[in-house]
Amino acid sequence: MKYQQELKDSIRKALPGLDVVIAWSAGYDPLHATPHFIRREEDIDRLEIGPFSVHNLATYLPGLRGKKVGIVVKGCDSRSVIELLQENLINREDVTIFGFPCTGVVDQTKIRKALGHTGKVDFCQIASQTVVIGAGGEEHKLRLSKVLADKCFSCQYPNALISDHFVGEKISPSAQTEGGDDLEAFENMPLPERFAFWQKEMDRCIRCYACRNACPMCVCRDHCLAESRDPHWLSQEDSVRDKWMFQLIHAYHLAGRCTECGECQRACPMDIPLLLLKKKMNKEIKELFQYEAGVDPEATPPLLSFKMEEENIKEREW
Amino acid sequence: MPVLKGKELRIVGFLCNWCSYGGADTAGVGRFNQPTDLRIIRVPCSGRIDPLFIMKTLMNGADGVLVSGCHPRDCHYAEGNFYARRRLEVLHRFLPILGFEPGRFEYTWVSASEGQRWQQVVTRFTEQIHKLGPAPKIAGPEASATLRQMEAVL
Amino acid sequence: MSVSLTYAYYPGCSSTGTSIEYDMSSRAICAALDITLTDVPNWSCCGSTPAHTVDHTLSSALSARNLCQVASMGLTAAVTPCPSCLSNLKTAQHRMKNDSFREKVSKLLDKPADITVETKSVLQILVEDYGIEKIKAKVKKPLTGLTVAAYYGCIMNRPAEIMNFDDREHPMAMDNIMTALGATVVPFPLKVECCGASFGIPRKDVVMRLSGKLLDTAKEMGAMALVTACPLCQMNLDMRQEQINSANGSKHHMPIFYFTQLMGLAFGLTEKELGIDKLCVNPRTVIDALGMEGNSKEKSQ
Amino acid sequence: MKIGVFVCHCGSNIEGTVDTAAVAAAAREFPGVAFATDTMYTCSEPGQEEIVNAIKEHQLDGVVVASCTPRMHEQTFRRTVERAGLNRYLFEMANIREHVSWIGKDREANTNKATDLVRMAASKLLHNRPLLSKQFDINKRVLIIGGGVAGIQAALDCAEGGLEVVLVEKTTTIGGKMAKLDKTFPTVDCSCCILGPRMVDVAQHPNITLYAYSEIEEVSGYVGNFDVKVKKKATYVDWDKCTGCGICMTKCPSKKATDYFNEGIGKTTAINIPFPQAIPKKAKIDADFCMKLQKGKCGICAKVCPSGCIDFTQQDEFVTEKVGAIVAATGFDLFDWTVYGEYGGGRYPDVITSLQYERMLSASGPTGGHIKRPSDGKEPKNVVFIQCVGSRDKSVGRPYCTGFCCMYTAKQAILTKDHLPESQTYVFYMDIRATGKNYDEFTRRAMEEYNAKYIRGRVSMIYPKGDSLLVRGADTLMGTQVEVDADLVVLAVGAEAAAGAAGLAEKLRISYDSYGFYMEGHPKLKPVETNTAGVYLAGSCQGPKDIPSSVAQGSAAASKVLGLFSKDKLASDPQVSVVDIKRCIGCGKCMKTCPFGAIKEIDFRGMKKAEVIETVCQGCGICTSTCPQGAAQLQHFTDNQILSEVNALCQF
């Protein structure tokens, strides 16, 4: 990543005033990055940004409330930060935001599917539009566009929307504005098939709550309805009904808040297409209220406000 | 009590206490005949109705859910139905993604004086649900066992 | 920019006989205003009085058949000069909003009843679709000096929820047209009263009394002539005027025009085109007083 | 929990279409139910005793009554269980009358449905918790909206009872419709002579603050503690200085102003005092007609005013009053009769309304008490009255009976004969509704002693004929058509809700029916209460009323207010929201949505948390459905209580 050094310098300058800076560093193999907590100057050297910087680090912010935190954000991550600011879940003066122009991150599931079971990964090189992966003594060449995350194709916010330090040149958003082809295809399915689809998908859920834990907007943490008896929305049973209901709770609690970072789906070890539900919710909210979450820290979320006369709601016609 | 087979479907209503529950009472006092499928849950205000209650009701196998509150501007709590309108509209548009027909859930406004309107709303909604037939059911263990477990912890 | 108006034209039975001059003059003025009237092919009776007093379904089926014919022309609006026909067509449409009634009607027809066609009277399209201002612009020979009373009859605007045209008690459509033509319109309090209608056959005395009162009042208000929009009203007032005179001892000599005839005169059409000669009470003195006859003859030659 | 279930027969009201014994038998199988029975009249004394005894005998700690709507008897039964030592909230009701037995006759389906409703109630009850009220201070002042006879009565009764009263009147004088009447039925005594002294009492009472020419801008707060913002509209006259001398009126050159008080019969001056007995007797400038305000020229009134009170720059002013109770007494307005094309739709000057006729009959009216036709000023000989104009007529959207028109029409027929002994009156009526004390005798007198000709039938048409009007109608008793030559036609125009009634209802958060009349708490048992605590009704705002009924309601509302204020503190409803501080993450969404500002942010060990102010919370539950963690829970309607109802009903 060409702005990496610039970013390191920028963090180095700011670090004395901060308790921690959250960024990424190399993970357990060349295909994975891992969140990196920079507390001392020497930690800075290990920082790495690039197509493997998949994690939305904003998820850590509410938990670090009260501390002086620096955070490195992709454009999409910055929307989560904005949303957290808007909901007063973090304090602006406590957060120092480092932005950079993001050219897209990979989708590990796509790589896994393309490569099959490879064993240990030895190296990975990304040159222009090609990814070369060495694993099990073989070299695999993949087109970058085949393994990029879906959300990146229609990315409208590649540069951080909010930042204190921005490194590099801002790039322009993707020409493709609609990223919901999977949603559109799904909505063309007959209703009974959709119902069957979700039953099948939810049956695979192992109730690990990785989706929730990865979600930057799931701020209830220890007080999630999923594990509460008062209120007692869900039993602890391994039933499709309860698992599906949990996803509905998650989707509804994100209505008007979800920035579609896709962490829920990325984190899901069972590859359940959870983002579909959120995309649908966002689509309706956008149509009804011309509202998009995580763009304006001063905005009021649509479900926490109202108009006496709603232009787009024709409920009296029923 | 089980649903009367071949006769009724399971329809649940969430009604605000001040307008629509009163409207349903007015319909009763006026002896306005209605289909018997609907079971009413009384809540203070349509603003109290968390859309998740409706999802939960559908997940639990209800064939239809009807919500009714005070007409906009007439809310006993001034603003409850304004919030409700947004939330319920979002839900109404969201449900089809799950595979539920949009008509399984409706929301409307009935005031305490509108006994006749209530009769029409109930009749119309019940007909609509009967036209759709029983809702798809989620495969899985029977409720009774689960519910007993849930009740046992209380 | 004006879009030319096109309608399916349903003349109704009277227009082939007693009110042929209404038909002639309606067609003539519409032609003069560039309004295209296309005759409904193979039209039949609308289901008027004899039918609807006996059986509503049969009566509506007759109207529905004609509406089907209109639909098959590919037109969306039908127009008729006769308020009685219009009333039947509209009543049938109103009844057919009820699904079970419509099914009953459809069974009697070759194809399912149409419920999309809009029905209007000639008077209605002139004021609502064409517009008074544009009519005014077409006037070549203003009817200056003519004092008329506009008489609408009882069913042109009523029942209001079915006819949906003008004010049910105090319509002004014809008044406004006459004013636009340059005539003086007297306030006529009986403009929506009954003329006695088809009681002319079983109870002539009723028509003598009711139509007599209309003539008396029109005269009292200072009208030189009455202007009507209904074949039956016109017939009672015009053809039976002498009977009324002898029954009531009155001496009326009041021409009873169709409003379309007066429009035609003002547009400079010939008396022949407008069937002026078909009127029973001779309008000669009234028309001559306008001093326009010579001109219009000249023009037609 | 040990629950007792009592299934009420309500005589045959429920038992007629519900097998109550079967419902009770089924209930015995429900979780937690220890006792179930059917009973004849649960609300009767023996019925209540049965509950008390069963609680003691079976050590019940929760009760379900399946009977009528909770809106009817919830309070009754809560007191019953309290008598037996239970907390009043360990009680639930299943509405098997209004929602079951009265709306269908299928006994099997009804019994099944009633059983379901009992199951729901029992399931919810398992989650009920004892709730206790808090006491809070109240502001013993009352706001009365509307200075008609009902509002005046309520104001005087409250003031006499020692309360501070704020009376707000929309027009420049109190008196309302009654002040416009010449005489009242059935005594034919002078309206102004009865009302005048009471109006003076209002003006002079030390406990009453009168805001005339003012309107309610905003109402916030709750029973015991309302904040009311009053808009004092600009009169362009400093009322502190105006003595009501009326010199300005004699000199004002703009003499064509609409005379609202006289219902448009005649004109008045741009600056005017509506009538000699006006309270307060202060002048106001009608800006629409004032030459100074319209064109900047004139100002004569300012020159002649001996106390120098004219102020052309005056603006609307706002004052805030703190009160503990509100009485709405906003009265009625007349139906706009011009929709009746058959009566000329307003085209004939000699067709007038009954209220215009009152002004004509009044000695202080614009004609000095002489009956004159508006068209030519001549005395009429034949006067025709038409009743039910905008009453009992579905076609104009007014299917209800106004109730007092029959009586005032009889009165006007009598007065017509008194004023013009040579006259003949005709009354077209549908039915005569004379149900008050001495009322029927009165209409009889109109017919028998004053020779008013009553014709039972509607008028189909009025049209001018020569100098007079021809009124044509049906005489349904004779089966004929009748035509009457009338010199003057008086329409008994019906009452409708006052203009702006709906807007005020929204501010007061009370309900109104489809005609705009305010809804009483219960049609029989709570005639002057509303469903909003601390807001009461008096007079025609609740439905058309004659003077005695309006006065009675004024007094009734006053007694309700005095009763409310007889305690120094009020008990708050414990059905309020409570925040579980452990679950709260301090996101503040509840505070954003609370319509009452009843949730405040607190600091708890350095963390932000939400806290409900119990006495401000009104119990709507918006916060509960807003809070994602389920930390805010509306007591008695908690998530678990509603979920248990859902689970009881929908078992997959």
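Chains here go by letter, A, B, C and D, matching the order in which they are written, and residues are numbered from 1 within each.
To be clear about the criterion, contacts are C-beta pairs under 8 Å (C-beta built on N, C-alpha and C of every residue); 3 or more make two chains touch, one makes a residue touch a chain.
In this text the structure is predicted, and so the values were computed from the model without any measurement.
Chemist: When the contacting C-beta pairs are counted for B-D and for C-D, which pair yields the higher total?
Modeler: B-D
Chemist: Hey, how far is the Cα centre of chain A from the one of chain D, in Å?
Modeler: Computed from C-alpha means, the inter-chain centre distance equals 55 Å.
Chemist: How many angstrom between the C-alpha centroids of chain D and chain B?
Modeler: The answer is 31 Å.
Chemist: Averaging over Cα atoms per chain, report the distance between chain C and chain D in Å.
Modeler: Using C-alpha averages as centres, the distance is 51 Å.
Chemist: Two or more other chains in contact with one residue: find those residues in chain D.
Modeler: Correct list: 593, 626, 639, 643, 652.
Chemist: What positions in chain B touch 2 or more of the other chains?
Modeler: Each of 51, 56, 60, 73, 79, 83, 87, 138, 140, 150 in chain B touches at least two other chains.
Chemist: Between which chains does touch occur?
Modeler: Chains touch in the following pairs: A-B, A-D, B-D, C-D.
Chemist: Which of the residues in chain B come into contact with chain D in the complex?
Modeler: 1, 4, 7-8, 10, 12, 17-19, 21-22, 24-25, 27-29, 31-36, 39-45, 47-51, 53, 56-57, 60-62, 70, 73-80, 83, 87, 111-114, 119, 137-138, 140, 142-144, 147-148, 150-151, 154
Chemist: Touching chain B in the complex: which residues of chain D?
Modeler: 26, 31, 69-71, 95, 97-100, 102-106, 108-110, 112-113, 115-117, 119-120, 126-127, 505-506, 509, 511-514, 519, 531-532, 575, 593, 595-596, 618-622, 624-626, 634, 637, 639, 642-643, 645-647, 649-652
Chemist: Quick one: in the complex, what on chain A touches chain B?
Modeler: Against chain B, the touching part of chain A is residues 186-187, 191-199, 229, 232-233, 235, 237, 239-241, 244-245, 248-249, 251-252, 255, 276-277, 280-281, 284-285, 287-289, 302-303, 306-310, 313, 315-316, 318.
Chemist: Which bits of chain C are touching chain D when the two form their complex?
Modeler: Counting only chain C, the residues touching chain D are 167-170, 187, 189-190, 193, 217, 220.
Chemist: Note which residues of chain D are touching chain C in the complex, please.
Modeler: Going by the criterion above, the answer is residues 340-342, 345, 347, 461, 463-466, 470.
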